[in-house]
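The two complexes that follow have subunit A in common; it is paired with subunit B in the first and with subunit C in the second.
And now, the complex of A and B:
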């Protein structure tokens, strides 16, 4: 509450101002100009994807379509070619879904238990592992790519969906563990102690007390992971084979393919399709999204 | 006696230890083990497969005499310096504007932040289209009467990194604005009252009082942005594929190509070790400032 009032009253203070002061015109002017820069690509993407190729060749990319056509969307979804495969982006979409669901579930399960153990069941060295984990998140992925290829090959998971799921779980761990650790440490310790006295064990307390009390943070973690994993490109291209490529990789292959005539409308429809999942999550989740990414920012 | 005490200690909290196993394996095997493996094998002349044939610093000598690598470093330096300056300045200015008790704050934030939800691939492909000289910005300005207007960053080796920069800033500045705004909101209202009583103008308060107070936020932003810059990869792949020529190559691309397509492992590992070194150069002073101080305080 204290926070909210401080935020509402803002820095510029008590003196009431006329609505159209020069200062206000400048503030809103700059904000609106910047917003045009941010909105422009989305606008261009949608408009281009709704035009036919003849109109694109003649017209300007900012203009709305004279004649709306959904053909590019259909083509991007079910006919666009990558190499010899011409079954469209739908394959990449379903691959991404198949990667996404187990990755999100597994990474959140592992990280939440980690966070819980770090707060309530500290053991010798637990803080050390946590520190390494956080510092590990700053190591460029390129450093660990090849060793992971070897590990996955040894486990027989290289090239398939499950190998990628494992990789996402591992690299989601630092940030998610931090997120859960911080949240769990805000839950009063008395609750934990009372449950211990009543004879609840490690898993009992986790499932019956910690988890039900922390649903918001699970939602934040989910938002973070769904967008992060959906948007991943590097891991997809390194750890999977072409027939299980996630959507981002397939999209890049479709748009940047050198063969054939460039169909810009299909390309933009495909780009839009790939961006749609995180965009929908972003617009639905609103402030939770901000919380999720801000949690990622306040490390240390 | 000693052994039973020891046994007890191991068995106590056994469940929690089992639960922490994934974390222990991740840190020790992947993060620590993987990094050490990469550094060690960067001193070998592994080609297609890793081989324990140590050649000292030969891979590094080859790396630093490879024109493609040197070009990658130069490109990243150009991109990095401008990305840092612009992200911090734009992020801060936007945050200050957002903090002026404006109306529709939520709408403005939603618009500024949505690009951050999109992947670098989507970002790169959209801006590739907007910067397309035949149909995009250039052709529109030309059709408005400036027939000689030239703006084709993706086809001009001299300015291609700025083309990437426009896209990179589009994707990331909204996020930095949010962090900065949170920092501004965290500043005690009394500070503002005090400066107002003293008659210090608002702009001066920001520069003299607020920015120094937000030092931790700026440092966090600096570390985040720098780590992001060093990892720069997807955006380049999508927007320019490293071209025209080698004009927008970046170190991460060099690593990928040598590890997975050129089949010259030792060289790729040496390059990735250099990426690690550059992160450490940023990270160690930061960790020292951030955690070194706390121990004393």
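And now, the complex of A and C:
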């Protein structure tokens, strides 16, 4: 063998990696245990919801159903009783949709314009305004519940859907304004100046320049608001009446009803039905969500 | 300031003052720009040059004074109503619009008829040679192309005044010099009034009809580039313009102002092109590196003794650093005439190109 081959005989190229090193076993082991931990409750819920009551009474909560039945899901959606109403969660679902859509739309519209004005059209006292707005988000909800009941009553909105929409819009404002303000301040100021030289006004710049550039943050705001408002229980139970209870309140009333047998399968199905909307939203827009959060977080 | 507007003045700034809270950014500024003139606002960061440009554009509300453009008082007018086009350092192209969309955005806002928009965009694209790019988004363009589009966006507005806010600062050196020439060509072709902000003195010296050197919200000197270079009105302008900067010697003028004395060396001021210097206990003599010559023998009243320290060859010529006493001095020499290090030489001074400053007021005498 010559010198050249000797020089090549040592290690070269990519370093080989062992699949089953001690380190890998540790990492994957922990990951698997964590996955199990989080997935187990869901497993129990899905399995229970697909069993009949006799099978549930056997007590094997981890076992898959012997005989699969979708009856609990049907019952949870359209037959379960709360008080005198026996039309299941469907009523609450539609109530929630009716609350959700205007609340999300209004709160995002108001907060995005706020953020835009605070960044680009600074007015006298705009910093003070912003401080007050942020401060507002630190006041505990409980303190404000009763005053708001009185306010809504005086406005004639108490007990209806629109009263709740108003409350959601107001309570969403501080955090959303902060979110939008931070995002808009990351957009170069020169773009705004260029648009002004080009003759665009307050709304022209907002709709034609700022909004098209800010899709990620609008998606983030939408996800935050959809999940927040959908999962809200407190405002729903305080500011609305049984006819217009949102889904979460109705779920509680179904699960916590004291009369008769506890129908675990129906309860499980009802809970999953209620959680479906935020879940779907996360799955659809997860990537945009992460991008938007990261983008808004960089600059304060 | 009651004199009537002369039509030849494209921009008139009268007693402009701008305060941000308690900080005064622009102080009682007056500036007249003639029709078709290329004015460069030059100065270090924070001197107020970009601020002044923003005031002209109407993007900042001024505290006091007036701004006239084309014989119109536009002090309170919206940016879009001032008859200006503006080009920004970061290009500021709308990312979601195509090049065509970017260039026609302002025209659409101004409700210009569609046929006219097509015509003007086509003309601007032809001038700037960006026709093949019209349907691309800004993200698909290089820096130089983006800045061309940004210039195009100002061009289609068909205005008399162009404002440039450090338009070349984001480009690499080669592109910068290319676009610099292109801007000059554009000015020759369009004959618009241009106000151009930069901190790059090469851009200022090459482009400007007149340069306004600014510091601390005040115009230090407003003159043609050669005048500024040869006869800086004060110590700041002298030190700011020129690379490497001017050599300064602290000393005194004696013998009725006919001789400059510094560290035991005497230089005759015979032939100085400023006013009568007069006898001063403290004065500063400024000499540019190219106005000094390395010679072997001393000539009384015309040379300074110096020691060669290091040299920096820069291709065509070389910058030699010497010491006169303990004052470091730079001299520009042809690259083949570089003296060896440590050599004792004499520097012949071209007094007719020198500047003498009063130490107290820092003004040129």
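Criterion: the second predicted complex is superposed on the first by the 269 of 300 C-alpha atoms of A that agree within 3 Å, B and C clash if a C-alpha of one lies under 4 Å from a C-alpha of the other, contacts with A are read in each partner's own complex, and residues count from 1 in each chain.
Heads up, the rule we're going with is that a residue touches a chain if its C-beta (ideal position, glycine included) is under 8 Å from a C-beta of that chain, and two chains touch if they have at least 3 such contacts.
Keep in mind that what you see is a predicted model, and the values were worked out from it rather than measured.
When the two complexes are overlaid on subunit A, subunit B and subunit C sit side by side with no clash. Comparing subunit B with subunit C, the partner in contact with more residues of subunit A is B. Once the two complexes are laid over each other on the shared chain, residue contacts for A:259 go to neither subunit B nor subunit C.
Within the superposed three-chain model, A:203 lies in touch with subunit B and out of touch with subunit C [touch as defined at top]. Nowhere in the superposition do the C-alpha atoms of subunit B and subunit C come closer than 11 Å. Touching subunit C in their complex are the following residues of subunit A: 188, 190-191, 193-200, 204, 208-209, 212-213. Of all the residues in subunit C, the ones that touch subunit A in their complex are 54, 57-59, 78-81, 84-86, 88-90, 92-96, 105-106, 109-110, 153, 165. Residue ranges on subunit B touching subunit A, taken from their complex, read 13, 15-17, 19-20, 22-24, 26-35, 37-38, 41, 50, 90, 93-94, 97-102, 108-123, 125-130, 132, 135-136, 139-140, 143, 170, 174-175, 178-179, 182, 184-185, 187, 189, 192-193, 196, 202, 220, 223-224, 227, 230-231, 233-234, 237-238, 241, 251-252, 255-256, 259-260, 265, 268-269, 271-273, 275-276, 279, 283, 287, 290-291. On the side of subunit A, the complex with subunit B involves touching residues 3, 6-7, 9-13, 27-28, 30-31, 34-35, 37-42, 44-45, 48, 56-57, 60-62, 110, 113-114, 116-118, 121, 123, 126, 129-130, 132-133, 135-136, 138-148, 150-151, 169-170, 173, 177, 201-203, 227, 230-234, 238, 248, 251-252, 255-256, 264, 267-268, 271, 274-275, 278-279, 281-283, 286, 289-290, 293-294, 297-300.
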